[in-house]
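So, here's a batch of structures to check.
Shared between the two complexes below is subunit A, which pairs with subunit B and subunit C, respectively.
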Partner chain A sequence: MSTQVLDSLSEDTVRRIAEERDEPDWLLETRLDAFDELDELDLPDVIQTPGRRWTNLEGLDFESLVDPLNQADVTERDGEDDVVVLPFTEAFAEYGDVIEANFGSVLDPQENYLTALSVALFTTGTFVYVPAGVDAEDVTIRAEMNSRSLFSQTLVVTEESSSVTILEGIESGADAAADVSPANADRYFSNLVEVAAGENSYVQYGSLQNLAEDTYTYTLKRGSTDTYATINWIEGNLGSALTRSDVETELDGDGSETQIVGAFFGHDDQHLDLNARVWHNAENTTADLVTRGVLDEEARSVYEGVQDVGRDAWNTSSYQRENTLMLSDDAEADASPKLIIHNHDTEASHSATVGQVDAEELFYMKSRSIDPETARNMLVEGFFVPVLEEIRVDEFRDDLEELVQARLE
Partner chain B sequence: MATLEINNLHAEVAEEGGEQILRGVDLEVASGEIHALMGPNGSGKSTTAKVIAGHPAYEVTDGEIVLELDEEDVDDIDVELSESDYRWNLLDMEPNERAALGIFLGFQYPAEIEGVTMTNFLRQAINAKHDERQELFADEADLDEAADEDEDAGYETSPMEGPADDGEIGVAEFQELLTAKMELLDMDEKFMQRYLNAGFSGGEKKQNEVLQAALLEPAIAVLDEIDSGLDIDRLQDVSEGINALRDEQGTGILQITHYQRILDYVEPDHVHVMLDGKIAKSGGAELATELEDEGYDWVREEAYEAA
Partner chain C sequence: MSSEDLQDTDTEARFEFKKEQKSALKADKGLTEETIRLISDDKDEPEWMLERRLRALKQFQEMPMPTDWPGQPDLSEVDVDEIVPYIRPDVDVRAGVDDWTELPDDIKDTFDKLGIPEAEKNALSGVGAQYESEVVYQNMRDRWEEKGVIFCNMDEAVQEHEEIVREHFMTKCVPPSDNKFAALHGAIWSGGSFVYVPEDTTVDMPVQAYFRMNSEGMGQFEHTLIIAEENSEVHYIEGCSAPKYSAFNLHSGGVEVFVGEDAHVQYSTVQNWSKNTYNLNTKRAIVEENGRMEWISGSMGSKATMLYPSTILKGRGASDNHITIAFAGEGQDIDTGAKVYHNAPNTKSTIESKSISKDGGRTNYRGLVHIADGAEGSSTAVECDALMFDNESTSDTMPYMEINESNVDVAHEATVGKIGDEDIFYLQSRGLDDDDAKQMIVSGFIEPITEELPIEYAVELNRLVELEMEGSLG
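== the complex of A and B ==
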């Protein structure tokens, strides 16, 4: 229906990418299967309100955006000695079995058109493996996009009773514009993240996206928790012309938990389509979804938050709140918090608000000599504090605060 | 010594067909004086306070508010001053400019601001007052460079990016000042890490208003029902704070109140009764006692007879 068949793409393109990377046969097969399905797959669902489809993914011209054989990135990966943090190409020899067992187990490559395209064409990405009992504090993945299009894939596997904190930063390279021809053409970034959290393990995954504003960004992050496992996501979106982001947890193990914390700040005519979803599939699970965002100028945001409590999810706790602050009359926001309950033994709440800077708060600050612009900026920074307080990684907090301040100046 | 002069002030609610609330207020408050402004609900006391501070919910339709300063009030200003720098027509000015000149409003219901700590707020306020003052008097010296009202125009090169180094209050100096003022008001140091008024009890909020007045050293402080809802201990703390404003900083106080009770602790030099948007009667401290005993009806009758 709505999807595009890309004339410039062929099976050969996919084979060439796989061969250049010297990948195992199963992965080539996975890529080819995804490629074959492209014709059949739809784009991800987007929010619709009467008379309006909020995000126009159909409008993306993939024929011109996608340049699979010229992908370029500079990615720095860092981690302590007892944790594996490698590009896939360097990980196959030793961890081939682990990768094969987990790749696509949480996030089906054929989930939709964009995931299939991403799996078929990815040339960068990271494999993070935390052996049983290992505590890894500071895993960092800093990626710089230097091409028209870039497809990235991340797989995190944690064994029993391990823990890991991962910080991912995504930016455009300083000279990236020069590498795009024709100059000033739009760009496309795709990032799929899959987390398989083993029994009683803890994963914190922070992602800060600040790509140049000529970039269309699609990211899907999905984790699955085993018994007593925890996955905490932190997602910061400030960059890109259009951001479509999905952050999801399947609470598959009894007593498992997740938190999805989101912060965004759109300006100019940026478009943000943000989604946080959790499925309670087991007993005694807990979820907490917290998102706060600010919109200035003509920026738009559309948020969907889903808490899905399954039939067998006895004794569920599930909370969700989203708040959007509008700094301009021309900004637009839509928020849909959704709570689906199939098991009555649930304690749940969900709320969403869209509001403007409070006039009384502004007057109070002005009455203390603070000029209107500074007063507004203090209120905006203060607005993000409840989200920042949920972030236990100082580095991520500092980075996000810095980006917010920079945008306010 | 500064004087706040309110002449024939008329104001209405700033909306289509907005109700007229002030119908010719005349009032003069000078440094070092304590005035009590009393009157029944709806007589226009709070509106007077808000209009002095420049609240956008009210539109002034007639009259003027003037702040008259003297040498003492501008001894911190670096630039050379002319005669016009001593007389300010407040109605032409933004709320933050009025505050920088020395007007302080103690709110009846202070805003609760999540995410902004007391420390951050108070330091910002002290520094903003200093910067804004220098700017105001410098602007006045060169009228062409009137304050840049266009927020977008100053976007890239906001003067706030690099506040002047001189005059910025240092961390140590700020702490010292704060500790002294908080002690006076019997406030706990833990306040400083809390968010501005967020989750404060009614009494804590009022203490915080007086604390801010003590730190900002205004020429004239308008305190709107600072005594309402206080238990006796807190009423004494707050009263001590208000007396200190006058005794130590020479601040002129316009205290709006419903109750005579606070006037036992903060003795007014002048008491004014407001009725129907006007000052209906003025007198000394004994007038407050009369009002407490006999209510406002006799003032109303007296006012009508006179008219």
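== the complex of A and C ==
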């Protein structure tokens, strides 16, 4: 199906955004090209089984969600001295060439309707550049969304043998509700992230999304690895009414690696459509996908994991695990872990489970005089441990644990 | 068909021979209302069956071809207007004789070569044999008939057991609206088996039906209806084959199984269609309280297969086991799996899938497990293992899980890999050559399937696998 271009959008809108930001011509062209293609592009694929569509993106009323000229955010960016962490507008002068060379090289703006919309309209985001040999431990990007809609674009470029750890936190501003008119209307947040990891470089990109629950979130994060490079993603989703998240790595260089770690906790009637995908396009590559989530009340999770091993991906190792814990009878957990294997010199496996809090464990804790609710909460926190253990950044781990605890209370 | 006989037989020759194509009635190519009236009239069917056929035809014409399944086999060659939907073989007794010697020599010879009469003597309670569109032989041992067990061909059942067929035929289990090829099947079905097992009856030897397509460019659309009443038990085996032609053949069977309370039905298939056959089937079982359904499937043949035997666990405590093996060689796309709907509390299912792909073949496990809200205490375990031989081939795994209930136990696991070098080295150190070592490892890999089959069929399946493996190992 093809989606209609919004009546309220015009080429002028796109030009105005670009002009206000004083952008180079090539970026305006990229935006306009994406805008022109909107007519032709489809929404992202959604899993369909007989009689059921797992996520209803068509049901979103983009006409009322998208308000491109009133985007507002407060974003704090921190990094060490030898790494560049800037909004694009401040980076063009010095790093214009690097940005132009890499922008859209990993994530095609015309991938689908939502990416094209996002590239055409983005007004915030970050450019991270790590020069060769630099180790940057502690880059943080904390964004607050303060408008009806917000489109964000992030580009990470790492040069040879560098390393960087980036933490991205996304929340709704305290007074955000007041800025939405009419009051209580839904909001839309779009977040595109692309990572170009140079030879033998290491990128850890953690993203923790805890937006207000009147928000619809779309995020596509995609990285490409050069030889011996590593990209590790951590994706935490707790907020939003509906989240559609795609976290993907193209293992393009020999000997490169990726890990995609996901954690989610849905409650009320939240809908989480979470996807982790890896393409093994080169030799001796390794992937490890680990997702754990908890569903309470009427929340629903939809998970797709794809491990795609290409014809030339000799000596591949690829693993995937997904576990969902159901706290409520009204919740729903759908999962589809997929293997697409074109080379026999592969060791690949995946597993997925759905279950509830173990009755015996609960009984044991009660027998130790822990009250049932505390016992259950401890078991839920314990359920996240295998995922938390994969997170090597203390700050991110603490934040995630805090959010999980807050939700349990 | 004892195992010694099999060793002496050239398996490939047994399936590949072609008989001269002759018939008593052959419909024109293509699918029109006229064709359907011709088939129904030739079978002297009651009016309600003709009406159902015509309704199904309409549904078939309205439904689009399935093209949007992720990674699905290419069906662009399947042009139903090129298919000869109905060929009545030239035999005297319409309902199938019960003595092989009464069959025309060429047809008798066909089934002799396939080893069916021999198997009947040794291991089976009853045998049906279908040639082109009609069943030509049908027989069951007297002691089952005395107990009220019915095993007859489907066309005869429409006449002789009209009420029960009318109630169950493509109504609750596989309605024609299920998918385009179920609708096609509903319009032009012919032949197949009807099995009825009364209460408290255990048929302790399997019954078998064998389906043979001999003519080029034909379609075979047999319908199988199995009704197992309360506390009964039956094992049904189906085998299929056809010689290879340049034009495509289409097999679109329909299978409906009703498993009563505490009943147990096992449905085993060894499919060895020729590699120009499109095998697009719909198979489904409905299982009542504490009943048990087992699907055992070996898919060796066909150019493309799309087959996902489904089970609806309707009664409390009902259970389902799927064991499936797919072997795709050059030019083959075997897209198969299972579907299970847990619609009642304490229902259980297991799915075990094994696949082998080599020489550019593709296998895919495509499966769906749905646990409905309220099906508390249910559990499902899915295990898929795939073996690959080269990087021309493809091995996909696409499971879908829909879990609407919290008090459940759901597990899915899958692995893909190549034959371990260490395993081969070990066998070589014991004096086996490379080819034998690989064959032995493959036989071990599919053992969970073969051990579920009577020994004759297990040997058969192993022979087929060996045949596929021969001369192609590097």
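Definition applied: the second predicted complex is superposed on the first by the 407 of 409 C-alpha atoms of A that agree within 3 Å, B and C clash if a C-alpha of one lies under 4 Å from a C-alpha of the other, contacts with A are read in each partner's own complex, and residues count from 1 in each chain.
Basically, contacts are C-beta pairs under 8 Å (C-beta built on N, C-alpha and C of every residue); 3 or more make two chains touch, one makes a residue touch a chain.
Keep in mind that this is a model prediction, so the values were computed, not measured.
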* Answer with clash or fit: subunit B and subunit C placed together on subunit A by superposition. => fit
* What is the contact status of A:372 with respect to subunit B (first) and subunit C (second): first, second, both, or neither? -> first
* Pick one for A:354: touches subunit B only (first), subunit C only (second), both, or neither. => second
* Asked: What is the contact status of A:338 with respect to subunit B (first) and subunit C (second): first, second, both, or neither?
  -> second
* Asked: Which chain, subunit B or subunit C, is in touch with more residues of subunit A?
  -> C
* Is A:382 contacted by the first partner subunit B, the second partner subunit C, both or neither? -> first
* After superposition on chain A, the shortest CA separation from subunit B to subunit C (Å) -> 12
* Structure fact -> subunit A partner, complex, touching residues on subunit C are 71, 368, 370, 373, 376, 386, 388-418
* To do: Report the residues of subunit B in contact with subunit A in the complex, numbered from low to high.
  => 53-56, 94-96, 99-100, 104-105, 107, 110-111, 113-116, 120-121, 124-125, 128-129, 132, 151, 154, 158, 160-161, 195, 212, 216
* If you look only at subunit A, which of its residues touch subunit C in the complex? -> 47, 49-50, 52, 311-312, 314, 324, 326-356
* Structure fact -> subunit A contacts subunit B in the complex at 358-361, 363-375, 378-379, 381-386, 409
